[in-house]
Every structure is written in C-alpha cells, then in structure tokens.
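Okay, so here's the structure we're looking at.
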Amino acid sequence: MSLENFLIMRQELLMVAVVLILLMAEIFISQENRKHISTFSVVLFSLVTIAGFFPSPSGSLFGGMYIASGTTTIMKNVLNIGILLVIIQSITWLRKIENSEKVSEYYILLISTAIGMNYMISAGHFLMFYIGIELATIPVAALAAFDRMKNKSAEAGIKLILSSAFSSGILLYGLSIIYGTTGTLYFSEVSKLFTSNSLQTLGFIFFFSGMAFKISIVPFHLWTADVYEGSPINITSYLSVISKGAAVFVLVIILFTVFTAIVKTWQSTIYVVSVLTMTVANLFAIRQQNLKRFLAFSSISQAGYILLGVIGGNELGMASIIYYILVYVFSNLGAFGVVTAISNQSGKENMDDYNGLYHTNPKLSLIMTLALFSLAGIPPVAGFFGKFFLFTAAAQKGFYLLVLIAVLNTIISLFYYLLVVKAMFINKSDSPIEKFRSDFPTRLALGICIAGLVITGFASVIFDAIRNLSFGI
Amino acid sequence: MTNFGYTIWIPLLPFLMFLLLGLAGNKLKAKLSGLLGTAGLAVITILSYFTAYKYFFGGENAEEGFQKIQAFNTVWLNLTDKLHIDLGILLDPISVMMLVVITTVSLMVHIYSLGYMKGEKGFERFFAFLSLFSFSMLGLVVATNIFQMYIFWELVGVSSFLLIGFYYTKPSAVRASKKAFIVTRFADLGFLIGILILSFNTKTFDFITLTDPSGPAFSQSTSAAFMGLSVMTWSMIFIFMGGVGKSAMFPFHVWLPDAMEGPTPVSALIHAATMVVAGVYLVARMFPIFSLTAPVALHVVAYVGAFSSLFAAIIACTQTDIKRVLAYSTMSQIGYMMLALGVSGYGGHEGLGYMASMFHLFTHAMFKALLFLGAGAIIHAVHSNDMTDMGGLRKYLPITHMTFLIACLTIAGIPPLSGFFSKDEILAAALHSNKLLFAVEYLVAGLTAFYMFRLYFSIFWGKDTHYHHTPHEAPFTMTIPLMILAVGSIVTGFIPFNELVTSDGKPFESELELMVAIPSVLVALFGIGFAYLLYFKTNGLPDKVAGFFKYGYKWAYNKFYIDEVYIFVTKQVIFRYISTPIAWFDRHVVDATMNLIASTTQNVSFRIRDFQSGQIQKYAFVFITGAVMLAILFIYFLN
Amino acid sequence: MDILSLFVVIPVLTITAILFLKDMKQVRVVSAIGMGVQLVLAAVLIYMYLTARHSGNTDEMLFVKDYIWYKSLNIHYAIGVDGISVAMIGLTSIVVIAGIFASWEVEYLRREFFISLILLATGVFGFFISIDLFTMFLFYELAVIPMYLLIGIWGTGPKEYSAMKLTLMLMGGSALLLLGLLGIYFNSAPGGGQLTFNILEISKITIPIAAQRIFFPLTFVGFGVLGALFPFHTWSPDGHASAPTAVSMLHAGVLMKLGGYGAFRVAIFLMPEAAKELSWIFIILTATSVVYGAFGAIVQKDLKYINAYSSVSHCGLVLFAILMMNKTAMNGAVLQMISHGLMTALFFALIGMIYGRTHTRLISEMGGLMKVIPFLSVCYVIAGLASLGLPGLSGFVAEMTIFVGAFQHPEPFYRGVTILAVSSIVITAVYILRVVAILLLGPTTNDHFTHLPDAKWYEKISVVTLIGAVAAIGLAPLWLSNMIGISLQPIVTKILAITPF
Amino acid sequence: MSAGIPVQYFLILATVMFFAGVYGFLTRRNLITILMSVELILNSVNINFLAFNRYLYPHKMEGMFFSIFVIAVAACEAAVAIAIIINIYRRFTTINVEDVNEMKF
C-alpha cells in the first residue's frame, strides 16, 4: 500500500489504528492509569478528526469498491466532529463506578462503528456498503445494552439488534433483486444498468426501507424511540446524530449516483415518507415526557426535514444536507449534552424535573434553549440557516407543497420545543434540580456545541465550502 | 387684498392660549388664567372687528361685489397629486360675519364665566377648553377648503365634548358629553363620505375652486348617477348630514338638549350661538354647489330645517327645564335658518333666503346667547334649572329680567328688535318659494312666541315662590355681558345684510314685505297673549290645555321618544345584536378554530400512540407493511 | 461602521453590557442609555436622510451597504433605507425607549427581561434596515421569538397559553412567509441569470404572473398574520392581554408594524400584478378586520382586550390601505403604522400603569380615576382621542390620508368598501368614549382607589415621549408625509406601469 | 446444482424462505426463535445471490462473495444478539418477546 493509498483512506486507517492502540492499552495498561484512557481516547480521536481536515488526494481503491472524494471527506469530517463531541460527553458517565471496567471497550466499540460508517460513506460497491452498515450497527447494539444492570438498556439492545437484523434482511433481499436484474453490485455499473421495471423498483423499495430504518423514517422508525429511551444517554445521542447522519449521507450518495434512472420513483417515495415522518414524529413528540424519548421523536422529525434536501436531487440539496447534519450535530449534541449533564448529576430525565431549571442552572438552561431553538430553526442560531437551506433546496426543484407541509410541521415542533423552554423558564418547581457545576469535559463539549451553533450560522464560509464539494444528479 | 395677513392671529392666539392654559394652567393662579384667556379673546375680538370693518367698508370691493380673499394658505398635508389639505384663512362676507359673531359671543361668555365659574374646581381647565373651542370655531369659519373645515369641525366637536363633560364627576354630564360626541361623530361620518365623493369627482377641496360656477364641481353635476341622483347630489346630501348632526337637526338633534348638562356659559357659546350654527354655515359655504348642481339636496335641507323647527318648537312648549326649552328653541331657530337656505336661490334677489339665513344666524347668536346667559344668571341665583321651582324673580333680578325680556321679544319677532327683521326675511323667502314651508314657519313663529313667554312668565312672574336663599342679582362680570348682548339684540336688526352678506357677494335691494311682516307679528302677539293667559298667574289652565292634547302632550313631553329610539339602536342593536355576537364569534368561532387545530393535533397525537406499542414484532410488522405498501404504490400506481 | 448597522450593533452591545453587569439596578439604566443612544441615532438618521434627499439624492434607497454573505445562494447582508424605513426606525426607537421606561420597575429576572426586550428591538431594527429578503426574514423571526419568553415569564393571566398561541400563530405566519420568499427567490431571474434576494433587484424584474398568483397570497398572509389580518388575528387579544406592559407596547406598537411594512415592501412591491388581481379578496378581509375589530372592541370588559381589538381594527386599516395600491393610500398606511404604533404603545403604557395601581384591568371595577390620577387619566383621554382620529393628533392624519387615497380607487367596488371602512371611525368613537366614560369619568367608585399615586417620573417620561410624538405628527404631518411619499414613488411607478389609474 | 433445475425454483424457494422468515419474526414469541427467523431471511437472500450468480452471471463471483459475507455478518449479529438475549434473560427472567416491553408510546 503506497502512501497515496494511505492518504486516500487515511481516516479509516487512523481509526483502525486508534482502535488497535486502545485494545493494546486495555491489555497492557495498569489499573491506576486506566482512568486516563478517556483522555487518551479523546486526544487520539481529535488527532484523527484534525487529520481529516488536511487536504488529501481523492481516488478509488480496491478496484472501485472504495471511493474517496472531497464530498466523502467532508461528510466524514462532519461525523468525526460529532463523534469527538460524543466521546467528550461520555467521559463523565464513564467515570461512574459501574462503568470503570468497560471504558476502553466503550471507545473501541464506538470507534468501530465510526469505521463502519466511514467505509459505507466511501463505498463504491454494495458489498462494501453492506459491511460498513453492519459494522456501524452491530456494535451500537452492544453499546445500547451497555448498562448491564438496567432493564431498559437490555431492552433497547435487543430491540435494536433484532430490528436492525430484520431491516438488514429486507435490505439484502432488495440488493439481491438488484443484483439479479443487473448482474453487478458496483455502484457505477448498477446505475448504468438500472431501469425502472417493476422488479427493480421492488428491489429499490426494499433497499430504501432498509436505509430508512437506519435514518428512522416513518413507517420504519418504530424502534427509534424505545432504543433511544433505553440506551445510555451518550449512546442515544450517538445514535440520533452520528448513525443517522451517516445513513443520510450514504442514502444521498447512493440515490444521487446509483438510482439516477428512477429519480421520479425515489422522489415520490421520499415525498410520501418525508411527509409521514415529519407529521407522525411531531405528533408523537408532543406528548413525550421523558426527554430522551422526546428528543428521539424530535430527531425522527428532523430526519423528515432532512429528506427535503434529498428530494431535489440537486447540488444545493446535498450541500444543505451536509450543512444541516453539521448544525444538527451541534444542536442535538447540545441538547443531549444538557440532558446528560443533568442525568449524570441527578438521574432525572423527565420534562417535569426540568421545571424551574433556569433559576438553579441558568447556563444549562440557556444552552438547552439555544439548542432547541436551533432544532426548531429559530435565528440567530445555525438551525435557522440549516432549515432555510434545506427548504430552499426542495423549493428549487419546485416542491413547494412539500415545503409548506414542512414549515407547518416546524410549527408543531416549535410547540414541543417551547414546552421544554417553558418548563425551564416559566414553570415553578418545589424541588428543582440542584444548582451544580459541571465538570470540564461536559463544559468543553457544551462550549463547542454553542460555539458551533453560533459560528456555523454566521460564518458563511462553511456552507460555501460544503457547497463547492457537493454534487447533484 | 394682501394686507389681511395678520388675520392668522385670530385663530392662532386662542390656540396658544389653549396650550398655555392647558399645559401650565395648574401652575398659574386660577384667576390669572381666566383673565389671560379673556384678554386673549379681547384682542382677537378687536382684530375681528377691525377685519370686518376693513373688509366691508375698506373700499376694496368694487362693483363686482365682495370677493373671496385668501389671506393666508399653507399646505398642511399632501394627499394625492391634486388633493392637498391646506390650512388657511378665507375671508368672504360670511366668514367675516362669523368672525364677528364668534368673537363677540365668545368674549361675552369669557367675561361672564369669570363670574359664573368663580370658585369652581378646574377654572383654568375651563378657560383652556374655551380657548380651544374658540380656536376651533374660528378655524372652522375661516377655512379655505372643505377639509380644513372638517378638521376644525372635529375639533369643535371635541371641545364641545370636553365642555359638556366639564363636570366629569357627574354621571349625567358624562353621559351627555358622550352622547353629543357620538351622535355628531356619526353625522360627521356622512360629512366625511360627502367630502370623499366630492373630492373624488372634483379633485379639489378648495372652496374658491369648488364654488366657482365655472369650476369642476359644476361640470361634474350630471356625470355619474347612483339611485337616480347625481353624484353631486349624493355628496351634498352626505355633507349636509354633517351639518344636520352639528346643528342638531332632526334626527340627530338628540344630543343638544342633553348637552345642557354643561356649564351654562358653554351652552350659550357653543350650543346656542356658534357651534350649532356650523351646519348652517356649512350649507351656506357650499351654497353655490347646492343651489346650482344639487337642487334635490337643497330641498332636503329645506324640509329637514322646516320639520326640525316645528318639531323642536312643539317639544319646547312642554319642557320645564329652562335650558332645555332654550335648547329646543335653538334647534327650532336653526331649523329656520336651514329652511331659509333651502328655499333660497343663487344670485341677486333670488338669494334672499341665503341672506335671510345669515341674517338670522347673526341676530340669533346675539339673542340666544343673551337668553342662555340670562338663564345662567337665573340658575346662578336659584340653583335650579327647573322653571317649576321659579316664579316672581323679577324683583330679585332686575337686570336679568329686563335683558331676558328683550331677548324674548326679539326671538318672538316683535319689531323693531332684530329678530323681527331676520325672521321676516326668512318668511318672505319661504313665501316666494314654497307655500307649505311658509305655513309651517308661520305656525312655528307663533309657537316660538308662546313657549318663550311661557318661560318668561313662569320665571319672572307667576307664583311667588319661596326661596331658601334670597336670590340675588349676579355680579357685574355677568350682568355687563347681558347688557351688551341686549343692546346687540336690539340694534343688529338694522344692519343692512342685503348689501353685505349675499349669496354671490353682490348687494341687492330688499325691503320689508308688509304682507309677511304684519301677520307674523300678529301671530307672535297671539302666542304671547296665550302664554300670558296661561302663565302670568298661577292657574289650572296649563294642565287643562295639556289634558286637551293628552297623548300629543305626552309625546311632546317625552320628546317624541326619539331618545328611546337611539337607546334602542345603541344598546340593543349595536351592543346586543352586533357587537356581542361579533365578540362571541371571535372567541368561539375564529379563535376556537385556531384552538381546535391545536387540540385536534393533540388529540390525534394521543390516538396514534398505540402504534408505538413497545412490541418489536409489531414494529417489524409495520416495517414490512410499509415497505410492501410502498412497493405496491410505486409498482402498480405511480409507475 | 455605517450608520445603519449601528442600529443592530448598539442593541447587541447593550445586551452584552447587561450580561456583564453585576448590579441589577444598573440594568435598566444601561438599557435606557443604550436605547437612548438608539433614539438619538434615529434622529441623526432622519436628519441625514433628509439632508441627503435635500441635496438631490434621488436613489431609491440611501446609505446602501451590501456585503455578500452566502455566496452560493447569493444571500447578502444588504441594508439601506428609504423614507418609509427611516420613519419606522424613528417609531421603533421612540416606542422602545418608552417601553424601557414603562418597565422601570420590573423586579423579577430584571436582567433577562431587558435582554429579551432589547433582543426584540434588535430584530425589529434589523428588519427595517434590511433590503435583502433573507436578512429580513432572519430579523423577523428574531423579533418574534423573544415574545414567548417575555409573555410567558413576565405576563399575567393565562400567560403560558397566550404566549404559546401567539408564538405559534406568528410562526405559522412566518412559515407561509418563508414559502413566499423562496418562491420570490426562485422567480427572481425569470430570464435566466443570478437569483437574488435583494428587494431592489427583484423589483426591477417582473415575476411571472403564474408564480405571483401563488406567492403573493402566501407572502401577504404571512405578513398579515403579524399585522392581525382577519381571521388570523386571534393571537392578538390573548397575547396582548397577557403580556407585560412594555411587551404589549413593543408588540402592538412596533412588531405588528413588521406585518404591514413587510406586506408592503415585499408582497406588494415585488408582486404588484398579483396584488392587483387578488386584492379584492384581501380587501374584503381587511375591511372586515377594520369593522369587526372595532365592533369587537365595543363589548370587551378588559382594557387590554379593548385595545387589542382596536389594534386589529387599526392594523386592518394599514393592510387595507396598502392593498388600495395608490400612493396616497400607501402613504396613509405608513402614517397609520406610525400613528398606531405610537398611540397603541401609549395606550398599553397607560393601561399598564393603571393596572399597576388598581390591580385590575376590568373597566367595570374601576371608575372616576380622573379625580385620583389626573395625569394618567388625561393622557389616557389624549390617547383615546388620538385613536378615534382627532385632528391635531396623529390618528387623524393617517386615517384621512388612507380614506382619501382609498377613495381614489377607480373601481366602485373599492370605493364602496372604503366607505365601509370609513364607518369604523364612529365605532371607534363609541368604544373609546365608553371606556373613557366608565374608567375615568364619573364619581370614584372604589374607595381603595382614592389614594392612588399619580405617575412617577419614569412613567411620565415614557408617556410624554409618546404623546409628544403623537402630537408632533398630528400637528405638522407634512414633512413626514412627504418623506414617505417620495419613497413611495418607485412602487407607484411600478404599479402605474401595469394599469394606469 | 443440477442444470436441470430452472432458476425459478431457487427464486421461489428463496421467496418462500424470506416470507417464512418474516412470518416467523412477526409471530414467534421466543427471542431465540425470532433470531432464527432472521437467519432464515438472510439465508433466503443468500440463495438468491447464489442462484443469480450461478445462472445469470456465471462468469463473475460477486454473488458468491456477497453471500459469504452475509453469512459472516449474520454470525456476528447472532453473537451480539444472543449476548443481549442472555442479558435479557438475566434481567427479565424470560425471553418471551412480549414481556420485553417496558418502553412504549
């Protein structure tokens, strides 16, 4: 493997290296040094993240099974930022006594999934894609069941693994049909041979269902809420941001490059499911009391909005999706960060528990508010820009009705986001969450999120850079 | 012609006085502010007289008659390219005449109020409001354009509102002021609509342009029509509606009697002499248009005037509150003026009615102010408004008595007092135009004499009432204005109006028509005699007469139940049948729809929760169903 | 730094300063100083604007600054003002400073209160200086969202419900608006070329009429929700009733004007063809607003509800006039925005002050306050008179300009509807006088009220500022009207190009 | 793989297996059985791949490879799933899927 090849695949390889280093460390490190594993992982992963930003060659490896381009690099970078934030946020939780034995395990599993995601983003062949997607899913199931002592965690794990296995089955069945009708699994060749006959459409629909499962699009979303609620919070945030983001990226790439022959079909499909997703998720979110579950439904509805970027099949759409995922990383991790901090401190996860939070923990409340506003698309935080660009992308292709449905849905979503704001600022509580000071990792992660929320919006460079690397059909 | 620029101070000075007294009034001593206000008014009275002298006798008018002079004009607000609201001063015979009337009466009232309002709480406020009123009224009469007139029209309305409600802790005064404002406001709506229609068709507000017989108003006369009447007719009728409201003509008269809740000097100034004749002035101001392009509207003016004068005169015969009697009498007299305008033609002797109307306006201002101020002096002495509480006051109030008598004789039309001359001209004009109206006015003349002397006899003669406090004559500040106005009532009849104030500015010959004058005096004397019989001494006759008319009396006593109609319309129709349903509709339909959307959302949200059953197999079922449905949809339907 | 950006920068700086203050007492002082500077700046701006115009500068917008922001979408941070925006900025700075003084005694979470208030103001100022649709929309939403907290935290009554309703409905409006803006954007270069959000550039082209027919209603209704367009006005009574004084002032006084301004500057200016075609629908709706709001106000029992319905009526008049699409009526609309902004702020300030003393807003529980608190009562009467259109106060100027302008419409239908709208002046008089009579006049009904203190100094500042502005416009409207009129010329020219009147 | 058997037979077999798997997944109550149903689905996919490869595109091996990978991944999946099922049994003392139902709505 030449240096060139290494550079093309550097992010994956570096991550593999990190995983290996951590495995070694797990074996050789002394008991008292174990508590530094977290810091060590953070440092290592930040190096990986930073490395991703250096300019690097594009190209393909393994006979076209692996493709790296500017677009995939920036997608990976966005995800890496998110993963880094999750890793930082996890530190406090991992310091708990019951987790002390499993710290490096946690990081190994987490980074393994990241490797899977990177491979699936860079896939040029359905086999690579399949391996990537499974690598990105199976460890997460283990992570979801990480809290061995909690019923809910185990339940989340089983629900995730079974559902994802089922969905993989469906997806594979779709792939097998595609293979049967085209005789190849290379993206580039499939796209040439793909027509819009019924069998292929069926194959596409099955494939799409499998992907929709990962992104948690209605009606393939039902696992989401339960798994999110049951998993440890950091895993929930990982699932809601990183897994989803990676799946969206892959979907976009595949739709834009492979299924170009049936654009009309997949546009209609996405039209239907995005309306369903936004509406149903919002309707469910209204009633939620558990914040994790609440954010789960919120993230489902966000997926619905994201599909607006997909539907146009245009360059702007891809740019706005990448941008939106970046914003979404900051906003959702900001919100989850606050939930994590409070949960770590007090074990409380319900909305009622947040009553009067502003009076005891004003900073956390403000961060939460900004994050929620960003999710709702309220200026001046970046979510506003992100949503605007998504809608612009859909409108560019004339999907005005869909945009209308989406914006009406944002009102519903604003309603439930405001419920949280109301709880924190307006409601009174007899037993508010105690005033506390978060530890450094939490503050660092939240600080990055807030900075990201503000900067990503106003610094147009970021969007313009993404735009330059995007492509349409 | 240009050296009338100083007239700008005539309206401006009272305005400054208003600002001074209004903003700093409570810092000044009460007496000082009263004096300041009065002094300011004295200055403009002099200015007005000077202007009148200069205008009428300055020799500037040549053979072509009195010109309209725009002494000052400035754009206040630009509306369209052609329409702009100006503020300015227009001098022509009627505006100059009005200046004299207003400043004279206003000055008298100011002086009178120094005594009458002495010691009242809010003395300086009173004078501030008076100044505001003077400003508005002067601004109204000198208006160069109809919109300026409307502006000041509204301002006099509000000053009237403020002054009627001067005793703001008294609920009846509050009610009265509210009523006055709203009723006139409704009429003003008509005025405004009239202005809109007029300006839309003529593209100008300017009086000089409007009333120019070769101007745009006249070329428009037959252009468009609506319901059989030309637009100009409609606009004139609407504009006249404003006049009806302000001049308390039927059916918008209801506010005037109630307005007597205000302090008596206010009634004298606003509700007798000046503001209420604004409607007449308005018609006079627009007279060429009325006369030449909208004769139908002019007929409306005549009939409304005639009906109101009769209507009011009948009611006046039955009322016992002296100020209300005077109020109805005012209404009746204004009806006269309206009628006179309504029957008048344009130019030369044809314009007799116009001249007569202005003449009567002038004399009426004098004697009606006198009557009100006299009534004020009586109320001041007796502390009651009701004539049944009075009687035999001539002994206690000699000056008031004499001046009151003069005023009564004047209004009754006894020669050689001024009322005789002006009323005679009106009757003559009516005779030449419309016999029916003429007959009505004869009747009203008799009724007028009757109710005025009913008032006079019941107050100053009649029973010897026992008073708690011996009534005493008012102070000089009050009696001097009475005497001045009495003189005015006597002499103003000799002013040659036919040479000064005519419809086209040119003088014309007019002489006393004995055929009209003698019977009218006889009718008046008959009325006086009848009143003498009934009220000179206490006897049972009035009740018998009342019994004779029975229902008629009852209806008249209750003012023909017009108030009740109004209350029905406002309380029942507007409040109960329009506003309450609208408010209900807003809350329970419009708002409820919005809330329904929200609650439906919540409801649906609750209904669909079973989808999320927690059963992984059900999830998978939905999953596979969804996939299959999508497949079916796209393979069989949308492919 | 150009003068216009200062209007956004100063509030932001003020907020930053407040954030770092230790002493709570200083918060209001700093706010007052910040907004005072803003007021001075507004005066300077007006002066500069007039000077520039005087010296023959006939550009459509003055002080234009254009910084590219999102290059790929051609989004700019573009600012500029014409006479209308200058006037609105003046209005805003007056109302904001009055609002600051009116909320001098907010105790609970004072720092947060003033921050939210100024944040709201930032949005409003930003909105008025923007000439880029994106920036405009951004500031629009920025102005709306603090309302939730302001009402929810510092409000009274069913505040959470009202705040939620208000926010959601306004956001609903902005949702439609967003769609409209996107539609405009994608049709901004019908002949090919660079799409743009810049109002001035879009105004030079004609958006295809088919697109206009879709996006004009969206944009107009979107702004109309904020302008209390019937039937989307129901957030207004509840919202105003629950909001704290200064918030009601700012909201009714300034924020609702965003609706009118936007409807004018975006919907009508950019899509005049569709506006002309569809105006009859909205004319009916707005005329309904005018009359309906006024009738609705008559029977209300709560002072704030009365004023809220009255705002519906008056703001309806703004949209009504805009739709008449001639220079005079539009001029009147802008004047009405300013006038209504000032006097409704005045009303809400006074209502807040009265409520602060009597602890009730039900008129039936009050009476004869004139004797007890003469200063506030007289001011209330003045506000009432302004509201019912007394000459010499601003309401008259605005309403008359609207009526005369609207009546110049060539089609009889529009003139007929105008007469309907004109009739609202009577209804207005009815409810205003009803309140004045019950609330202020008559004997003092409640013994508890006999010793109420009259206005404090800061309350006087707040009220007198507003009255001064109301009277100034009412007495000498010409310069303002001309300033607006000149700026209306481009749009009038554009409309005339469609069908000459 | 006798040449006498047409490809359709394989495909029908695969389809039947697929739906049997789906049916099993939806109806079995035992978590292990459910896992087995998933394996059934995956194996149906494998048959598909192999049949397609062998009959339609015999000169390339993509289908073969793919099925090998699927088998491998399925094994991993099963490993993790069974680990979690064991944990479920510890926590819930049952592996009846209907009882693993703490979170819903």
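Of note:
Chains: A, B, C and D, in written order; residue numbering restarts at 1 for each.
The rule is short, and it goes like this: contacts are C-beta pairs under 8 Å (C-beta built on N, C-alpha and C of every residue); 3 or more make two chains touch, one makes a residue touch a chain.
If you're wondering where the values come from, they're calculated on a predicted model, not measured in any experiment.
Across the two candidate interfaces, B-C and A-C, the one carrying more C-beta contacts is B-C.
Inter-chain spacing, taken between the CA centroids of chain B and chain C, is 36 Å. Computed from the mean C-alpha positions, the centre of chain A lies at a distance of 42 Å from the centre of chain C.
We define each chain's centre as the mean of its Cα atoms; on that basis chain B and chain D are separated by 96 Å.
The mean-CA centres of chain A and chain B are about 77 angstrom from one another, to the nearest whole unit.
Touching two or more other chains at once are residues 609, 612, 614, 616, 620, 624 of chain B.
The multi-chain contact residues of chain C, meaning those touching 2 or more other chains, are 168.
Contacts with at least two other chains are made by residues 158-159, 162, 166, 170, 225-226, 287 of chain A.
Interchain contacts (touch definition given at top) occur between A-B, A-C, A-D, B-C, B-D. If you check the complex, the residues on chain C that touch chain B are 165, 168-169, 230-231, 233-235, 237-238, 292, 295-296, 298-300, 309, 326-328, 331, 368, 370-371, 385, 388-392, 396-397, 400-401, 403-405, 407-408, 415, 418-419, 422-423, 425-426, 429-430, 433-434, 437, 440-444, 477-478, 481-482, 485. Those residues of chain A whose C-beta lies close enough to touch chain C in the complex are 316, 319, 373, 378-380, 384, 388-389, 391-392, 395-396, 400, 403-404, 407-408, 410-411, 414-415, 418, 421-422, 425-426, 460, 463-464, 467-468. Those residues of chain B lying in contact with chain C across their complex are 75-80, 83, 85, 147, 150-152, 154-155, 158, 165, 168-171, 174-175, 178, 181-182, 185-186, 188-189, 192-193, 196-197, 199-200, 570, 574-575, 578-580, 582-583, 586, 590-591, 593-595, 598. By the touch criterion given at the top, residues 601-602, 604-606, 608-609, 611-612, 614, 616, 618-620, 622-627, 630-631, 633-635, 638-639 of chain B touch chain A in their complex.
Contact residues of chain D toward chain B in the complex are 22, 25-27, 34, 97-98, 100-105.
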